[in-house]
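Structures follow.
The following pair of complexes shares a single chain, chain A, combined with chain B in the former and chain C in the latter.
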Partner chain A sequence: MGSAGQSHGLITARDAGLVACQQCGQVHPLHARICKRCEGRLRSRDEESLQKVWAWLIAGMIAYIPANVYPMLLTSTLVERSESTIIGGVVELVEYGSWGIAAIVFIASVMIPVGKFIAIVYLALSVQRRSIANQHERHKAYEVVEFIGRWSMIDVFVVAILSALVQLDTIATINPGIAALSFALSVIFTMLAAQAFDARLIWDANRTRQ
Partner chain B sequence: MSDPTPTGPAPFDVRPVKKPIWQRLSLVWFVPLVALAISLWAAWQSYADRGTLITISFENASGITAGETVIKYRDVTIGEVEDVEFSEGLTDVLIHARVDKKVAPFLDDDAQFWVIRPDVSVRGITGLETVLSGVFIEGNWDTDADVAQTQFTGLEQPNLTLANQRGTRVVLRADDGGSIAAGAPILHKGIEVGYLEKPELSFNGRQVVVNAFIESPYDRRITSSTRFWDTSGFSVSLGAGGVSLDVNSLASLIEGGIAFDTVVSGGEVIRDGHRFDIFDTEQAARDSLFTDPNAEVLEVAVLFEESVSGLAVGSEVRFQGIRIGEVSNLNAIVVGDGDNAQVRLQAVLAIEPSRMGMGSDATVEEALELLSDFVTRGLRARMVTGNILAGTLFVELTTIEDALPAIMNRTSGDFPVIPTTDSQISDVAATAEGLLARINALPVEELMDGAINLMDSFERLANDEYTRATPAALVALLDESRELIASDDIQAIPRDLRDVIADLNGLVTEATELGLISDIDAAIATAAEVAENIDLATRNLPQISANIEAFTTRANELELGALVTSATASLDSIDAFLGTDDAVAFPAEANAALSTMRALLDEVREGGAVENVNAALASANQAARAVEDAVSTLPALAARANELVDQTEAVVNSYGERSRFSAETLATLRDIQEASDAISSLARTIERNPNSLLIGR
Partner chain C sequence: MTTDALPLDDLVACPQCDTLHRASALPDNARAHCQQCGIVLMTSQPAAMARILSLALTAFIMMIAAVSFPFLTLDAGGLHNATSVIDAVLAFNDGYAFPLAVAVAFFIVVIPLMRLSALIYALGPLVREKKPRQGARKAFALAERLRPWSMAEIFIVGVTVALIKVAGLAAVTIGPAFWAFAGVVVITVLKDQLICRYSIWEALDKATA
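Then we have the complex of A and B:
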């Protein structure tokens, strides 16, 4: 594999007896504990990284179940009172012909979280197995996951804004359901999982084998 | 090639000692554990709190939506419909719903469910909230938890009576359900105290049975002697007091209504389910104090050969003159078969055993035994005229002394049959015929004979020798008179007369002195007034005399026979009188009378009567005044009578066919009718389409 070949010639900071600050990038000797520039904590490798990733990930997955089972929005108007779950809302939107909005909701609320779960599981498993394949791709995937994680909050923001705006007493009222809270928790947990993942571990695999 | 050759010792494989897993465990693991715990707890909680699943079957599920329609109990939501499906064979709609676990134990066999939809009726609009929120299922049950059930059959109509509502439910029976509608009010002294539930046909299909609910505390007004009657609609009565129009509440006008009252005290307290009859009018209800609707009724049949027109369902059945029941059914049946087949008119008599003197606990069988015994002893049924003008009949059970032996037929037919006897039907035509027959039978011939006899007697009297001798006796009398006049005594009379005149002169003087003349004047004036008043009264006489004439005519008509008889008798007695010696002696009596007159003149001559005359005149004066007073009221009386007659005439005229009053009355009635037609058509329209009230179409 090309990346494996390329990595051959690379040298890590640890190999060089250095440790880089993850916040500001300042390089210190290996034994340094505090970044002298930003006073961030210096760690060459986070040994508990995988544990944290798994813990946050499982918590996020647990939170994702009620997020889909319970209603996201409680809409009560003069005429009717309706509760819609995430998937139910998507189906409803499709039925009304709003394909675009349905796609946005589906991507933001279903595809991205599920994709994140899969990506993080894959990353964590590959690090645990010390796989040396696709190191560059995996690193990119990690960056995408970390970047995109916050956009899952779109749904929560929509619910929050609607709930705040549409409070017209008997005529129309929108309230957040249990799913909104658990969905927000799920997103937060997966974001924490992504953050807890120490991307440097991807590259350690071939080192320790040598 | 680029591999570096090893120059130093081989690098050590330095690996840190793996710590035991519990030391390497991060605290972060608490997060998923807590999340899991919360999730599991929430899941268990919602499972544990899940309501009991019940199934209600309805004929139609109009407006019921799974997940939206709720179940309410006393306006509190206690459950929600989860699923709507058809039962096997599509006979019913099954509604699966979850109800609160706390409520579920109370759903026993008295639980009822019905769907609340908007309802617009004369009595108001109900269920308006469901127009916006959609229908909901309302349930009702009492607060006793018996054996809980999960399968229920829903009511198609809302149950008007809630299980925990306090009051009394009675059963009302009527012959006609036209004036009874579910929800119609029950009135007591004009206020609404209850309502009717849905009317149904009785088991045998003859009556309409309806449950009525009377709310507490008004139900205490109901005893076993309470009577219910129909108050629906309005009634117009035309009587001596004018026209009276009775209209009850608008609701009762359209939906019908039932009123009750306890007319006499002493009734027993009733329980739920007591049966009452509905009477057609208040009057009928009040008149029927002695009818006990709960008494067992003995039904027997009577087969009449003749027409039963005039007999109707409800006609009285009397036993020895006492009402013991009524005719409950009339129909024609064929008796015999083949050539012997005959159509008989069967009247079914409903007889209350207690009325036959058997005591209140007598059974139908005992009564039947008694009747059967009576029949063998000559009891027969017959139709008797009740009212000549209306031609109504009633059935009388009476004992015929020499009746042909008969027994009660208890085997054939639906009812035991009481044998009949000749009916006593008299109608108007027969009565008129009887009158003519009586006139025919009058002894006119005998009257003529009597008159002829009278004439003969007169003739005989005229021809009598004594009668003929009378002129001679008169001549003798004249002679005697002449002698008398020639006599000294009579000659002396002028002198005596002169004395009398002198006396009279003195008397007049005396009278003048006493003011007698003015009294006389006053008396004369009064007499003149009296005459005038009498004259006035006399002018009214023609009417009175017309009345008298009419009266006389009637009297003549009525008493013709007797009169003729008595006239004949009196003529006979005159005849007899004329034939007696006394009549013959009459001329002699006349002579005697003349002498008496003379004696009287002598007495007058003796004087001393002046005071008497004076007193007599005074009292005559008084009498005249009294007469005057009496007479003076006559014109007034006559005038009032006239006035009364005029008014009567005017009233009578105004009731005439083309008068304005009746035209207006008719127009008014037509208007009322049209109005009520319009209201009922509106009510029908609204009933068919309650939405129209809201959307205006």
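Then we have the complex of A and C:
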């Protein structure tokens, strides 16, 4: 470890009367507004962080409902027309015996989004209550949420490639359903919720100021 | 308070928990972690800049190949359908799904290309030890801000899932663009692992001075 910070008595940039640019790491006096290095906006803490997190999160949860109710894929073959929802698609894959792929789709489209909703609610509530418990675990949870959220997009891309590929006039066609749109929106909204979360707030709870 | 900039340049604050550290030169291949929350603050890899640039150039060229050549072809009952990456985007082009077409186009082609060109633009002169181009800082900041929205690697997993779904229905042939796209994904991952924001900002500062 090369950073020669003193290992006890760690202080924050804010306690030292400084503000750090989150984009490039440059440290400035607390009153600076614009980073001199990368011209990014400087904010010691994002005061509206939680407000934005709740707003995006609720939007994401609302969009997730039609994503599960309406069909993701509209398939028509010579003999039949069928519609399949997210869960329906997973069930179909299990029926084909493709357990591995069914698991990937289930994890990406159900477990990750729902897990993300729970994790963000937990993070936001614990910061609101100025909880000092499990800071390391919560920070880890935040990192995981930031990293993994994008992977929910898998199902949207599956729908895109299937509907481009399977266009065989009368024999078989696959078209995207309205759920694809709401699912994509839900993923985008929750990604924005995670990005709006200011992780520094987790660590502020047991710091002296305020 | 005066803007006494000099000593401040030796400090690094953790972007995720605001803990202040004093920066010092790292030995090669070392990582510096935040002492409070443990995230990686900086890494030091010899010749990282030149490697990032060459990987970005490679990925850029392969991305052009990935959008130009056929991606997948489908044969069933005498009918034939060839699909390029562009077709996959256009799958959503009718009616209500149009915004989705735009979003998918951005996630899998436009944003990855924007990130690569911004990096090439910002780092190119640094590798040749010249002054950074105008707007190099904006370009690098943009490349980093777009990182979560570049979803080429997720697309390739999606394609794999789609292939297995169709396999029972028809014969699918994988085209050259598929391999080019897979190449872009692997190279992008390698490149992003080499990027240490702190060192690149330092290098941009040094080259300007």
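We take it that the second predicted complex is superposed on the first by the 198 of 210 C-alpha atoms of A that agree within 3 Å, B and C clash if a C-alpha of one lies under 4 Å from a C-alpha of the other, contacts with A are read in each partner's own complex, and residues count from 1 in each chain.
Note that in this section a contact is a pair of C-beta atoms (placed from the backbone, for glycine too) under 8 Å apart; a residue touches a chain by one contact, two chains touch by 3 or more.
Since the model is a prediction, treat every value here as computed from it, not as a measurement.
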{"item": "Touched partner set for A:Val27, first chain B, second chain C, both or neither", "value": "second"}
{"item": "Which of chain B and chain C A:Ala196 touches, first, second, both or neither", "value": "first"}
{"item": "Touching partner for A:Ala59 - first (chain B), second (chain C), both, neither", "value": "first"}
{"item": "Comparing the two partners chain B and chain C, which touches a greater set of residues in chain A", "value": "C"}
{"item": "Touched partner set for A:His136, first chain B, second chain C, both or neither", "value": "second"}
{"item": "On chain A, the residue positions that both chain B and chain C contact, one per complex", "value": "none"}
{"item": "Chain C residues within the chain A interface of the complex", "value": "1, 3, 5, 8-9, 11-27, 30-39, 41-42, 44, 72, 74, 76-77, 79, 81, 83, 87-92, 96-97, 99-100, 103-104, 107-108, 137-138, 140-141, 144-145, 148-149, 151, 154-155, 157-159, 161-162, 164-166, 168-170, 172, 197-198, 201, 204-205"}
{"item": "Chain A - residues contacting chain B, complex", "value": "47-48, 51-52, 55-56, 58-59, 62-63, 65-66, 78-81, 185, 189, 196"}
{"item": "Complex contact set, residues of chain A against chain C", "value": "1-5, 7, 10-18, 20, 22-32, 36-40, 44, 93, 96, 98, 101, 104-105, 135-136, 139, 142-143, 146, 150-151, 153-169, 171-172, 176, 178, 180-181, 184, 188, 191, 195, 199-200, 202-204"}
{"item": "Residue ranges of chain B in contact with chain A within the complex", "value": "24-26, 28-29, 31-32, 34-36, 39, 42, 68, 132-134"}
